[in-house]
Structure formats: C-alpha cells, structure tokens
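After this come two complexes, each holding subunit A, first together with subunit B and then together with subunit C.
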Partner chain A sequence: MTNKKLISIVLGVMCFALTVAICIQVRSVQNSTTVSQSYEESNLRAEVLRYQERYENILKDIEDLNDEINKQIDEATQENSNLEDAQSQIKEGNMIIGTTDVSGPGVIITLDDSTTDPTTVFNPNDLLLHDLDILSVVNELKNTGAEAISINDQRLVTTSSIQCGGAIININGQRVGAPFEIKAIGLPENLSNLERPGGYLDDLREKYQMQVKLEKSNNITIPRYSGVITFEHAKTVE
Partner chain B sequence: MVFIAILIGCVLGAIIGINAPVISYTYSSYLAIAIIAALDSVFGGISSVINKNFDLKIFISGFFGNAILAILLTILGQRLNVDIYLAAIVVFVWRMFMNLGTIRRYYVEKWSNKIKEKKIKKNS
Partner chain C sequence: MKKKGKITVTITIGIAVLALSTVMFMQFKLVNETDITSIENMREEELRTELANLKEQYDVANEQYEQQKQTLEQYQQQEKSDEETSKLVQDELDNVNLLLGKTNVEGEGVTITLRDKESEDGEFLIITSDILNILVNYLKLAGAEAISINDERIINTSDIATINETLILVNQQRIIGPYVVKAIGDKTYLESTLVARGGYVDTLQRQGYDVSIESSDKVEIPQYNKDITVKYMQQN
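Our next item is the complex of A and B:
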C-alpha cells in the first residue's frame, strides 16, 4: 500500500511539473508568433525574434551602465565645488538635448485613425493619420511653447525625423504606429490652445473624422532619447 | 489512486502554469523537446504501473535523464545545423503510442471482463 502511495505521489508530482511546462510553453509560443507552415519562414521569424530579444537586453544593459556612470559622477564630484558646477551644467545640457527623463505639467494628445467605413469614401487615404499630420501637430506644439515632446515614448530631439514608412511612421528610426500618444510638457493652458477652432487638431477632427483627444495633466513624464547624438562635421566657430 | 494523483497534479500544474511568467523565445524550443520527453516518461510510468513492474528509481532517472538528453541533443543539433530533435520526437512519440496501446489494452480487457461477468450473473 505504501509503495502504491509513493508511486501515485511521484506520478502526481511529475504530471504537475509537466503541465506547468506545457502551459508556459503554450503561452510563450502564443505570445511570440503564429506557427508557420513554411520551414524557411519560421526560421527567419525565430531569427528576428532572437535578435529583438538581444536588442532589448543590450538596451537594458546600456540603461544600467548609464545609471552607474551617473552614480559614479555624483560620487566623484560631491566634495569639489568646481566639479559640482560643471556637473550641474552637464545636467542642464542633457535636459536641453533630451537625454534625461523629464516630468512636469503639460498635455497628452491621443490621435487615432478614423473609424469611418473605408468603402464609403472616395479616398481611403484620408482616413489614416500620416507623417505630415503628426509633423503639423508637433509643429503647433512647439509654437505654443512645448519644452519636451514625445510620440509613443519616442523623445523628439534636435536630430529626430518624422517619416512615412508605409503603414507605420518612423520616428528616430523606430517604428511607431497608430494610435499615437503625443506627450508635451509646457504650460497646459497654452498647449491646450491646439484645440482652437480652425487649428490642426480641429481640422483632423472635423474634416477627416479622426479620433482626437486632448487632455491636460499636471504630471507628465517624458522618457529620454535612447540614441546617441554625435557631431562629426559641425565645429564651433572660434 | 494513481489516477487521482495524476489528475490533481495536472489541475494544480495548469493553475500555476497559467500564472507563471512567459519564458523567452530562445529557450522555448528546448522546453518543447523536454516536454515531449517528460510526457513519454509519464506514459511509460503509467503503463509500467499497469504491468506491475514499476521501479521508482528507473522512472525518476528516466524522467530527468530523457528530458536533459533531449535538450542537449537539440543544442548539439543547432550547433551542427542538423535537426536532431526530429529524431528525438519520432522516438518519443513512437514510444508514447506503444505505452498508450498497453494502457488501452489493459482497460479494454478489464471492462470487457466485467461486462462478461455481469452477463453470466444475469443468466445464472
């Protein structure tokens, strides 16, 4: 009898481990990709996923190293007033070029494609948000005094471009798709003037039936630019 | 008794597995082959319980040994660019069907014996 009990306990534990593994496997496969019939295609897909994973890991490493550098710099400059001055200058400079996270009051604009049935209009292109729409909204934001802007967490810096990339838009070389969440830090009363009649947001909403939402917020956090800004050709004039 | 334990194990495993974190895509192919190996071991264990030659040591060592060997073979296959895991899958699935056949035969015989006994009782 004890032998049988032992057997059933062991088998139960084994089945437990097995079902846990099966559930995890099913969920991770579901998350990553649909099973493809073509051998070549599934191999390529796996390769892409593997590279994506590696990219994300490296990005995380970079962030950790940056934090480490900041900590070291803070420690090194703690008891030297000259260096502290330089440090605060560096911090200010980093804020201006967009390599630090910033937070403050501002607005969040959410833009999405129109829900109108595309078969009922002459030109279905008018129902989609384009790079130029985003660019115009960003332009108006800058005009009203936005200090920091991000689109779907892509920080806009001096070297940022907003480009059409087919069904998506390339910002900072990263693919960004609808719905777009444009965050801007500035005086919310000024920034919310974007909704004025005849403004670009009003145009998008009334003329093209896009889904436009503008929210004021007292605490918006805009992530830093994760790329590197380098000047190879430009030199300061003496 | 054995089957109640298996059922409880499966239900608990499913509950925990659904809430467990997702593993990265790189390792999911290894986990898949380990699952097949473990599944084979469990079916082998059930069929040996039925045949009454169940040995705990052999069962546990087979469960882990097969899974690890299958993972190692898969890694080796990826290094050599040969799909060795296909061979492992063929062997494991073949053995799974054999063991399932044993289990099925045992229960079909058991039930048909029971039905026969009932008929004899009714007639007598």
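Our next item is the complex of A and C:
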C-alpha cells in the first residue's frame, strides 16, 4: 500500500515537472521563432542566402586577383629596383588599411553581458553591453597604440562603424553578438594599460558587473577585412 | 501475476518519463544555443534590410572586381616597358595612400560645427570627446570616406582622447572649440541621416547643444600629417 502511494507521488511529481517544463518551453519558443514561416519569408531567406553566396564568391575572386596583381608587382620590382620602395610602401599600407591578414604581439579583450539577475536591478539595460561600450574600448585601444583591431574577427578599417541593433551589434555590416572578442596588435604593455583602475574596462567590471577579461599574447592573428574599400566621393588633390 | 504487471507498467512509465526528460533537456540546450545572428532566425523586415545591404555590398564588390581585372590585364600585357610598369605600381601606391589618409582629398560632403555653450538657466553644455567619437562613428555608418576634426585627419588608427574631461586630443594633438568636423561622402545621405528625427545631430540639438550642419559640393580635407608606421604587426 505504501509502496503504491510512493510510486503515485513520484509519478505525480515527475508529471508536474514535465508539464511545467513543457509550458516554459512552449512559451520561450513562441517568443523566439513562431514568426510564421510565410511563403514570402522563406523566399526572402533563400534570396539572402543566394546573395550571401554570390558575395562571398566574388570576394574570393577579388582576393585571387589581388594576389595575382601582387605577384606581378613582385616580378616587376625584381626587374626594376626603383620600384622596391613603392612596393614596400604598398605592402605596409595594406596592412594598416586592413586588406591583409596580420599577426603580432598584443592583447585579447573578452567582454560579455553582466551575470547579475535582471530582476534585481532598476534598469536591466544596464546589464547589457552596448555599441558605445565597444566604441569606447576600441578608442582606448587606438589611444594606446593599437595597429590593427578586430571584433569577433571583423577587422576594423577606416570606414568601419559600430552600430547597435538590439541584442546584436553591427560591425562592417556583419551581425555579431556577445561575448565580444576584441583583438588588438601593438605593444602588450601599453595596450594592457586599458585595465588601469578607473579606466573604462574597470568601470564596466566594477560599476556594471560586466564580464571583462584582458589577456596579453605574443602571437595574435587578425584576419583581413572581408569586404571592399573604395572611395567614390573623396578624390586626391595635389 | 498481478504484481508482475504492475512492475512492467511502472518500468514502462519510468522509461517514458526518462526519454521525455532527455528530449526536453536537449531541446533546452538547443534553444539556449540558438545563434541570434544567423539568418535562419531573422524576421521579414530584417531579411529585407539584410538583402538590401548584401545587394549593395555585392555591387561594390563587383565594381572592384572589374577594376582589378583590368589592372591585372594591364600588368599581363606582353612587352610592356619599364615606364608602363612603374606607372601601374605608382597607381597602386596612389590608391593605397588615398585609402590610408596620406593625401589631401576633396569631394562632396558635410561640415558640422559644434560649440561649447551655456544655456539660459546657467547649465554648461560642453562638447566632449565622447560626443566627437560618437559623431565620427555615425558619419562612418552613413558612408563617410574621409573625416577630419579641426583639420586633424581621422585615419584607421586615430583616437579621440580626453584629459580630465577638459582637453580634447585628436591624433594626440590638442584641439579647441569650435569643433569643425568635415566628412566627404554622399552629401544628401550624410545630412539626412544626421538631421532626421533621432539622427545624432538632431539628438544633440534637442538636448540643447550648439550644433549646426551644412552640406556642400566641395569639402576639402587635409592629409594625416604624421608618418604612419608599423612596428608590431607583420603580414601573414
């Protein structure tokens, strides 16, 4: 008799737990993905995918062309030593512009939203990282002499902007989400100055309980910018 | 016999519950790991924006592709003289210098002037380095190709710093108000995104700041006036 009761109770509790779990699950799924997969939407999605592929392909083609052109320049400079200087300027220039993969010593900063329970604070927005936080950290890195910077492997070039788009951030038109991994090449001792007391990282950590980590490294690799930089309006004047 | 049946039922139910729980946990993990940046989870509006962006990026890339193809063909032409090769390399270098910010440039764009101000009720509305930094970011977002603040050219490694919230340094050079921010790009787009309701110039003006914007067919921006050197990074 007691055995039966025990089994009933155990089963009852299990059923209850499962029901609760299912309810939570259904609700969270409703919140995120029950947007109706209309015909139009799936068409759009296919179109986006198609363009993404075309775009990636042409970027690859451009990369190949650039490599080929560089080879031609190399050959040309071998025959004409006057061009050596121009060639090294082009190479160094492309590193700074961000159109080549680069490596060197530097720091890796990892930023993530606060783990504080959102129900315990007045404004839950304070617990999230914003575009301005990223922008400020990037600005401080440049201030301490960063030569190349990437955010979640998106290389920052002179035309890059950092823009908030809800829970995600847009960089170079690419959507990236937390955690943010910011890599910078430069003198690690200078770059790690970002951790100074009262600095921006310190504030993020102490005032807003964000998850902040800064690591020095002797070998950081930053990929090239994955798009194309051309100026349509700005023209050189003598 | 009766007891045996009971045990079977219990075991069956137990297994069913276990299986269900496992599925639930897997499901939870899945929802947790769903990548909000992937296109599978975009809604119609986001998809449209994404598509428009991609199309634009593709067009730019395509143009670049054609251009590079031509350059390559010029290199590959047989029997080219040293002079012709030099010219091709020089063209390449000129383009690199343009993108770096090592040349004086001009083109259509906007000029934004910001001034410190004391409001009627005695409140000081000071232009900070943060304001300039955010403004530069918005200008880049609106497609600015070249930017300067009080003729200090903003290049890829430029910073806008502050000392004690009173001095502002751009490229480690001290600048003082009024702050004149120039940007070259599509002047209509640059101006309209900044002055539209919620645009950054509009926002600053609503907060009482002294900010004005002017678009023009010819904005002149000077070159970065220091050496741009690489010490720590090397090409892979």
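The rule we apply is simple: the second predicted complex is superposed on the first by the 152 of 238 C-alpha atoms of A that agree within 3 Å, B and C clash if a C-alpha of one lies under 4 Å from a C-alpha of the other, contacts with A are read in each partner's own complex, and residues count from 1 in each chain.
Please note the rule applied: a residue touches a chain if its C-beta (ideal position, glycine included) is under 8 Å from a C-beta of that chain, and two chains touch if they have at least 3 such contacts.
Everything numeric in this text was worked out from a predicted model, so none of it was measured.
Of the two partner chains placed around the shared chain by superposition, subunit B is the only one that A:13 touches, whereas subunit C remains out of contact. Contact with subunit C, but none with subunit B, is seen for A:157 once the two complexes are overlaid on the shared chain. Look at A:22: by the touch rule set out above, it reaches both subunit B and subunit C.
Within the superposed three-chain model, A:108 lies out of touch with both subunit B and subunit C [touch as defined at top].
Judged by the number of subunit A residues each one touches, C leads among subunit B and subunit C. In the superposed model, A:5 lies in contact with subunit B only, and not with subunit C. In the superposed model, A:49 lies in contact with both subunit B and subunit C. By the touch criterion defined above, A:128 lies against neither subunit B nor subunit C after alignment on the C-alpha atoms of chain A.
Comparing which residues of subunit A touch subunit B with which touch subunit C, the overlap comprises 7, 11, 14-15, 18, 21-22, 25, 28-29, 32-33, 49.
Remark: subunit B residues 1-2, 4-6, 8-10, 12-14, 16-18, 20-26, 28-29, 31-32, 34-35, 38-39, 41-42, 45-46, 49, 54, 56, 59-60, 63 touch subunit A in the complex. Partner subunit A is touched in their complex by these residues of subunit C: 10, 13, 17, 20-21, 24, 27-28, 31, 34-37, 39-44, 47-48, 50-51, 53-55, 57-58, 60-65, 68-69, 71-72, 75-76, 82, 85-86, 88-90, 92-94, 96-101, 103-109, 130, 133-134, 137-138, 140-141, 143-146, 154-161, 184-186, 220-221, 228, 230-236. Across the complex, subunit A meets subunit C through its residues 7, 11, 14-15, 18, 21-22, 25, 28-29, 32-33, 35, 38, 40-41, 44-45, 47-49, 51-52, 54-55, 58-59, 61-62, 65-66, 68-69, 72-73, 76-77, 79-80, 82-83, 86-87, 89-98, 100-106, 131-132, 135-136, 139-140, 142-143, 146-148, 156-163, 167-168, 173, 175-177, 185-187, 221-222, 227-238.
By the touch criterion given at the top, residues 4-25, 27-29, 31-33, 46, 49-50, 53 of subunit A touch subunit B in their complex.
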